[in-house]
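In the two complexes that follow, chain A is the common piece, with chain B as its partner first and chain C second.
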Partner chain A sequence: MVTVDIQLPGLLAQVGQGDTLTVDANTISGALDAIVEIRPTLALHLFDESGALREHVLCFHNGTNTRWLDDLDVPLVSGDSLLFMQAVSGG
Partner chain B sequence: MTTKKMTDASVHDPLARYSRQVFFAKIGEQGQRRLLDSRVTLVGCGALGTVLANTLVRAGVGHLRICDRDFIERNNLQRQVLFDEDDIAAHLPKAEAAGRKLRRINPDVTVEACVTDVHRDNIEALSADADLILDGTDNFETRFLINDVSVKMTTPWVYGAVIGATGLCMAILPHDTPCLRCVFEQAPPPEMNPTCDTAGVLGPAVSVVASFQAIEAMKILTGQPDAVVRRLMNIDVWSARVTNLDVQAAREKGDCPCCRQGRYDYLDGRFGSSTTTLCGRNAVQVRPGGEMSVDFDVLSEKLRRVSDGDVEGNRFLIRCRIGEYELTVFADGRAIIKGTSDPDVARTVYAKFVGA
Partner chain C sequence: MNVRLIVGTAKGGFVIHSSDRQDWKIEGPIFKGWKVTTSARDRDGTFLVGTASDVYGSAIHRANDPLGEWKQANQSPQYPRDGGRKMNQIWRIVANGDSIYAGVDEAGLFRSTDGGDIWSPVAGLNEHATRGAWCPGAGGLCAHSILIDPTNPKRLWCGISAVGVFRSDDGGESWQAKNDGIPVILEDKDHPDIGYCVHGLVASPTDANRIYRQDHVGMFRSTDGGDHWERNEEGLPSGFGFPIAMDSQTETLFAAPQESDEYRLPKEGRLCICRSTDRGNRWEEMRDGLPTCHSYEGVLRGAMVTDHLDPCGVYFGTTSGSVYVSVDCGASWKSLPCRLPRVLCVDAYVDG
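Up next is the complex of A and B:
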């Protein structure tokens, strides 16, 4: 396993009790499982009833949106980062 | 004598006012002339909107149409930079107050104040002659409506949003860069969508996000689409961090209902809220677009921060009082706003406190 930095800027930091954390995982999918294990309050905000990432939440692997990957079993290497953010409506 | 000559020159040279901007090589005289010939429609004149209007009028856009449905409240003054106590005392609508202020700042710009709710029946007329649409709104429904019009008419627009100390900005060049629905397929459900009225917002965050919007606007209006940042900008002023996120694949690999399939769901009325004035009850029902199921626990927690007294409810609805309004929100996202018979006011209250 490698250690991956997770960033939760903005609104997700409030429900995730902090805007950063680190998890140990082999893949993006494994990192998602680890995140909600460490911060259970994030589960409702990140995933819908089917377990899929909510449509207003984006996940970026090293700055690139993962929405269009065929699956999330993408191997992680040391130094990788994942950033989650949700749509913002204020103005 | 010297002073008089300088004054006369600045009066007769239409570019003199903008000399410091013209000196900047990427604008130059040609860019400034393009700005002076440009027309912009600004939708929403609150926090982001006032900074945008202020910046673009000073920069010398030729024509600015400001559309806003709201009135000024004292708690707006902390971040809505064009308004003051006198405007509140005069009960001025935001668009009108902004227009009066902006004409004093730069009388060479034509500022058109439209006190109106922007909806699917008027947005095409309000933006038909615009070179650019700017987002100063506070809700996703209007943004998706702007997005529909932008893609349909091939008019660029710049999305901006802010809450707390964070915000987002993205320029949309239709049929070139991803549109808003490419990136966010749906708006967040209300209970997961804090608004500035429930979660707060910092003035500096507004200024930074709106400034990023404004610079993208200036690039587009001066004919420099290649200079546009083709990324979703994630901005956090508290930690002084700006992250540019790659969303290009959303257009290349996705099947966006709007810019790929050519469906304008919000403009055509398939999605989007509707309102019904409840006769004799001084109340309006607001029905959000699409199907949703509200998590009452999360929404109650959000409303508790702003309600006068407790948030009451059962498994069918929750109810609270905020100022002069009583809000009753149902599990399907529908709400009855009591205390007004004006649909525009009800939509505003819904957007502020429930979210849209």
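Up next is the complex of A and C:
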């Protein structure tokens, strides 16, 4: 497993014990599991009742929107990062 | 004496406090950027709030001091995965002894018996025989009002917008619709006992059978625990409104009428609070200190509260972010020097 840096947006930082954390995982999917294992109270904020990322929660792997990926079983390498953002449209 | 108001808004919560109810200090925001939708305090003095976000969902948090450190409940109210229901908002938290109840949107009731850390669904209501026919109103499908008989905690009432009032006499195991005497607004062909749009409920502290109901179609009262309802709106400029509050010492009632369900604005642009000192028989308009014109701000269902002191303090927040205070049982009002985001809830806590 590799260590991955996780960055959270401001609203989640307030309820998620800070805006950064690190997890050990082999894949993006594994990292998502590790996040909620370390900080269980984040689960309901990141995932909806179907278990998918909430509709307006974006997750970027090294700058790539994970919604563009075919699946989340993407291998991670040391130094990778996951950035969560709130999808905002309109003004 | 210390009076603390937790004012929940669409963009955070504010703690407004005073030792004399004259000079008020405004602090916050707490949960900056989150909707703070309701608050409560349990028998141990722990504060609870409900937060919500259109992006990140809703949760319950607890703290010993509302301006101190909040900790999210380990298991906030949640619907089962792939059950087809969404947890959109915590609408009301009510603590009674060992049990704390939370009413939520999509409509349902949850209970905690460990001080608010772990929440479980109240299946008797959430899976009620009529559940498939529940339809949302303009404010969503929300279980927003919870009453508990102080002399018998097994007697519970829950109000759900566009569905109606339900009562349980067995601690939440089974529930019966209680809307006799209320005009139906959304009739269901299979379940004629639902389709009633309750907006708010309060009950007498000395007789839980005496319940006052701000409904979509008017102001009502029951003297038999909700078995029957009668209209009581003499003196009100309109029967339509959302909040209803009561001073528990005198059973004085407060309401915030609006001009019809179509407009949902203060009538003639005059923000108005109404008071009844005779159990709803007659209402009077209490306008001293409120804007006399060009005031089109509303008062949402959770945004008016009393402090139960003598004389009674009454507090409300508006959709335009104003907060008004009366420390003479509604006889006169003053606005606090703030313009907050849209006020969703106001709750008062007195110590000392």
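One rule holds for everything that comes next: the second predicted complex is superposed on the first by the 86 of 91 C-alpha atoms of A that agree within 3 Å, B and C clash if a C-alpha of one lies under 4 Å from a C-alpha of the other, contacts with A are read in each partner's own complex, and residues count from 1 in each chain.
As a working rule, a contact is a pair of C-beta atoms (placed from the backbone, for glycine too) under 8 Å apart; a residue touches a chain by one contact, two chains touch by 3 or more.
As the structure is a computational prediction, the values presented were derived from the model and not from experiment.
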Partner chain in contact with A:Trp68 - chain B first, chain C second, else both or neither: first
Partner chain in contact with A:Thr41 - chain B first, chain C second, else both or neither: second
Which of chain B and chain C A:His56 touches, first, second, both or neither: both
Which of chain B and chain C A:Asp24 touches, first, second, both or neither: neither
Partner chain(s) touched by A:Gln86 [first = chain B, second = chain C, both, neither]: both
When both partners are placed on the shared chain, which of chain B and chain C touches more of chain A: B
Which superposed partner A:Asp5 touches (first chain B, second chain C, both, neither): neither
Overlap of chain C and chain B interfaces on chain A (superposed complexes): 10-11, 14, 44-45, 54, 56, 86-87
Chain A contact footprint on chain C (complex, rising order): 31-34, 51, 53-59, 61, 72-74, 76, 78-87
Chain A contact footprint on chain B (complex, rising order): 44, 46-49, 135-140, 143, 160-164, 166-168, 183-188, 192-196, 199, 201, 232, 234, 236, 239, 241, 243-247, 249-250, 252-254, 295, 298, 355-356
Residues of chain A that touch chain C when the two form their complex: 10-12, 14-15, 40-41, 44-46, 48-51, 54, 56-57, 86-87
Complex contact set, residues of chain A against chain B: 9-11, 14, 19, 44-45, 54-56, 58, 60, 63-65, 67-68, 83, 85-91
